[in-house]
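Each in structure tokens, the structures are laid out below.
Both complexes shown next keep subunit A, but they swap its partner, so subunit B is in the first and subunit C is in the second.
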Partner chain A sequence: MRKLKVIVAKAGLDGHDRGAKVISRALRDAGFEVIYTGLRQSPEQIVSTAIDEGADFIGVSILSGAHMIVAKKIIENLAERGAEDIPVFMGGIIPESDIAKLKKIGIKAVFGPGTPTSETINYLRNYYKKNDM
Partner chain B sequence: MTCKSRIQLARLIRKIEEGEEFSYYTKEIASHTIGITGSGGVGKSTLTSRLIQYYREKGNRVAVVATDPSSPFSGGALLGDRIRMQQFATDPDVFIKSVASRGKQGGVALCSGAIAAALSEAGYNPIIIETLGIGQDEIDISNIVDTSIVVFSPKTGDQIQAMKAGIMEIGDIFVVNKSDLSSADAMVSQLTKELTESGRKIEIIKTVASTGKGIEQLAQAIERHKLLIFSVSRKKRNAIYQIESILRDRIYSYIKESLQKKKYWDDALRDIVKGCDITDILKRLLSS
Partner chain C sequence: MKTKQEWEKRAVEPVLKISGERKKKFSTTSNIEVKRLYTPSPINEKYLKKLGFPGAFPFTRGIYPTGYRTRFWTMRQYAGFGDAKSSNQRYRYLLSQGQTGLSVAFDLPTQIGYDSDDSHSEGEVGKVGVAIDSLADIETLFDGIDLEKVSTSMTINSTAAILLAMYIALAKKRGNDLSKISGTIQNDILKEYIARGTYIYPPAPSMRIIRDIFSFCSENVPKFNTISVSGYHIREAGSSAVQEVAFTLADAISYVDAAINSGLDVDKFAPRISFFFGAHNNLLEEVAKFRAARRLWAKIMKERFSPKNPKSMMLRFHTQTCGSTLTAQQPINNIIRVTIQALSAVLGGTQSLHTNSFDEALALPTENSAQVALRTQQIIAYESKVADTLDPLAGSYYIESLTDEIEKKAAEYINRIDEMGGMIRAIENGFPQQEIQNASYEYQKKVESLEEIIVGVNKFKTDEQPPENLLKVDEQIGEIQRKRLKTLRKTRDNNKVKADLAKIKSNAKDDKTNLIPAIIEAVSDYATIGEISNALRDVFGEYQEQVIV
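Moving on to the complex of A and B:
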């Protein structure tokens, strides 16, 4: 059985890193191998990191309001580099009304404040199983 | 290298990591391999980042394999060395791979050497391997790399005593990082004394990884060591060590799993806790 590998990334100038650290630790404690990128990452850096690390998932934490732009750029960049098969999910402060829009451009799931970390963990495990990655 | 083949390289490395591809364990590494070891927080990753910068300015294509510990409870890991190297994430001539120790002792992952072999084949040279930093016996690195660098910081002073047995014996170059802090010179004298006592002749370089001070000198020391080993007889990667490690890992998992299936394992643990003789229990386990 493979270990599941997740990139947890903070994009742009958003300095809120508590949520990203909470989710990183929760995933580690659930047996995932988490690569945390640190703050102020460009979409290109996030995508390159995911490719080189052979990641199974990219998780982006955004509380700055820039989620639409960042999501779009990451999805575009993945496609440009032929890595569109790496699923992207998001967390942070994201208005309910934007979730459908995010999903439309290719974000697989959004986990806002108050989501129990077990929900995220189960989602990722099931996604991996379902898609037989 | 094109985008597509970079993805292929990353996928190959992932297969090596997951134990799905074994051929690289015994492959020669043509590239120069540099190990960076030392206690937690001494500045290994920051130093590695500076070395990447140095080699990029020289026009080299550089790769890094950075190790962090796996949690013994969950088996998961939080790999954070890369944070200090993220400015190179989009450089097409830099490849950074994070690996977890996955229960292996010794400071490097089981797969580190094999991953270095794949990176060497892909044309990266040098390849830098950062060990995890728990300040115990991270000495396996010397079985994998050509040039081992042991990093100290002024604060690691009291730890030297504890490390003497292992880590003091493996270094090809010693670095006293954080030499912007006072007592760096005291650290250098202490190391010099240790080295004199053990009769070893090793360069000690002072660096400030956070500003880049001393990196040029470190790189020159690395170059001198490289010329030495490449011109005389290159210290070969210990292939036997690699194979032994992986065999030990596989045999252990295999035996443990098959014993667990038949509950022998749990019974043995319970009996040991009860105070039964370990030798008797071992005999029982081996005959079952």
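Moving on to the complex of A and C:
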């Protein structure tokens, strides 16, 4: 299997990057190629990075409560640029009641506080297999 | 001070004369008298050198001679959300419930210097704290709150000068005596680069703003703590207790250096430096950490900066229970975690305390959960009696050994940072960031291999219903703030604002001019946070993060 490439991005103004860095390292240790963007990335920047890098996945970490607007913009931007086939998953503090809404607009999965990194890793591997990417 | 009698005469008696103690006599349920201080007998040289007396160098046993026997710590709950009006209501509620100081949480646009109508602010307005754009919002935020009676702590860093200016402008407008208003601005930019992320400008101009604040405040608002050097966020980013102490004190050394290099006298500003630590679950290590930090800071100040005023060597600190220890699973369990953490802060001698609410892994706290958090402190204060004697765990073999070890290991880190050329250089090289990240990743691996157990998360799990009654910030806040700004920009004197901003820019270009007076003028004319920050961005530029994973 080729090395899968993941963009891990911090969106909005949120500075909490512990989770983003932990998941980046866990994915890398599990054999993924990881590009961590650093803080304060706009949806446009995240999508551009993903397209330029030929990413297989985009992971967005957000704990500030701005997840709905950020998710919507990333999905829209991907569509505008003809890259809607790049799956987007999210992590951070996201209320249960928003998860269904996020999935409805096209976010593939949401990983809340306390999720083991192995769960995210397995999810991405299975997603790849199932969708024959 | 060599003997207990001497300490009682020289340190305790003056305090008793002025403020007394909470009770005439302290005793246990069995009517055993509780003394102010317990020491070895006889007192030897080693004891004096390592522990000493409360209120005396090296302050291991606390910074005040009578400690909590005179006054409990300040119960200060960090709060703020939505607009100024809803946060004002929460503050009044907390004060009515017996809270003794205010602590303001600002939203991210306010912290990073963007107005609510800036495109960067989209989706963020009023989310993690209160949205403030201009003095008009500050007037609403403190409506009905007496600035001379309540001290206000503001978690604000890269825009600290602007928020402080607004607070001062409000006090002036209300006719308050500036020498009587008190509070704290966090103003600790170095940990923003390391762990928290709300920086704007590069380190050099940021340090200049901090220096200007030190100098302005020592002359004009002498009761304001001009900085709260913060380990809390370093710990929250995943550091160990030792790293928390080491990096925080290394940051503090940089601030003292910067102020002294600009010609300030150490005793003019050092007594107004305060600290902020986290409190974790490892109860006894945390107690030792607070004691070690106090002793190490006292030694650092004495050896490096030779102050004459003992207050310049006292580490005064605020504590917050660590948010990252809260679990989204079985959230009620968090009340127990917070109790253990709060207890460690009190046994470690904190000056003020924030206890987290049990629902904070899920959302901002509701009125109900915030009340439980405050009650936790009140129960420790009034019912547990741990505050009846000073530094109650001193002399425990384990505690003293841990205190020594934490101090030693933190000092080793600080030496390494010195060798790198100081903390600013170390941050630019990504050293503390990398150390913290390694510690955080190692911890996560232990959690996943079950070497570390988190109750309800990787053991003792239950099937749960999604929690109800969470606080949801009104999505309309962004629109409300944008409308308010539009009106403000129409009604204020825009010529004045234009001139004020031009003056800020020209002052910013001259390193010798203190920036604060011009900022106070600008906010008084209702210039906004975004406008002032953008003026400074034009001159100072913006910091580019060192991305290290």
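The rule we apply is simple: the second predicted complex is superposed on the first by the 133 of 133 C-alpha atoms of A that agree within 3 Å, B and C clash if a C-alpha of one lies under 4 Å from a C-alpha of the other, contacts with A are read in each partner's own complex, and residues count from 1 in each chain.
Definition applied: contacts are C-beta pairs under 8 Å (C-beta built on N, C-alpha and C of every residue); 3 or more make two chains touch, one makes a residue touch a chain.
Just so we're clear, the structure is a prediction, and the values are computed from it rather than from any experiment.
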For A:83, decide between first (touching subunit B), second (touching subunit C), both and neither. first
Between subunit B (first) and subunit C (second), which, if any, makes contact with A:22: first, second, both or neither? second
Where does A:66 make contact in the superposed view: on subunit B (first), on subunit C (second), on both, or on neither? second
So, A:96: does it touch subunit B (first), subunit C (second), both, or neither? second
Common interface positions of subunit A, toward subunit B and toward subunit C: 24-25, 28, 34, 36-38
Help me check something: in the complex, which residues belonging to subunit A touch subunit B? 2-3, 5, 24-25, 27-38, 41-42, 44-45, 48-49, 51-54, 81-83
Per the touch rule above, subunit C residues touching subunit A in the complex are 108-109, 111-112, 114, 120-124, 127-128, 192, 196-198, 236-238, 324, 327-329, 361-363, 437, 440-441, 444, 447-448, 454, 457-458, 466-467, 470, 472-473, 545, 547, 549
Listed in rising order, subunit A residues that touch subunit C in their complex are 12-18, 21-22, 24-26, 28, 34, 36-40, 64-66, 68-70, 93, 95-97, 112-114, 116-118
Touching subunit A in the complex, subunit B uses residues 3-4, 6-7, 10-11, 13-14, 17-18, 70-71, 73-80, 82-83, 86, 89-90, 95-98, 100, 102
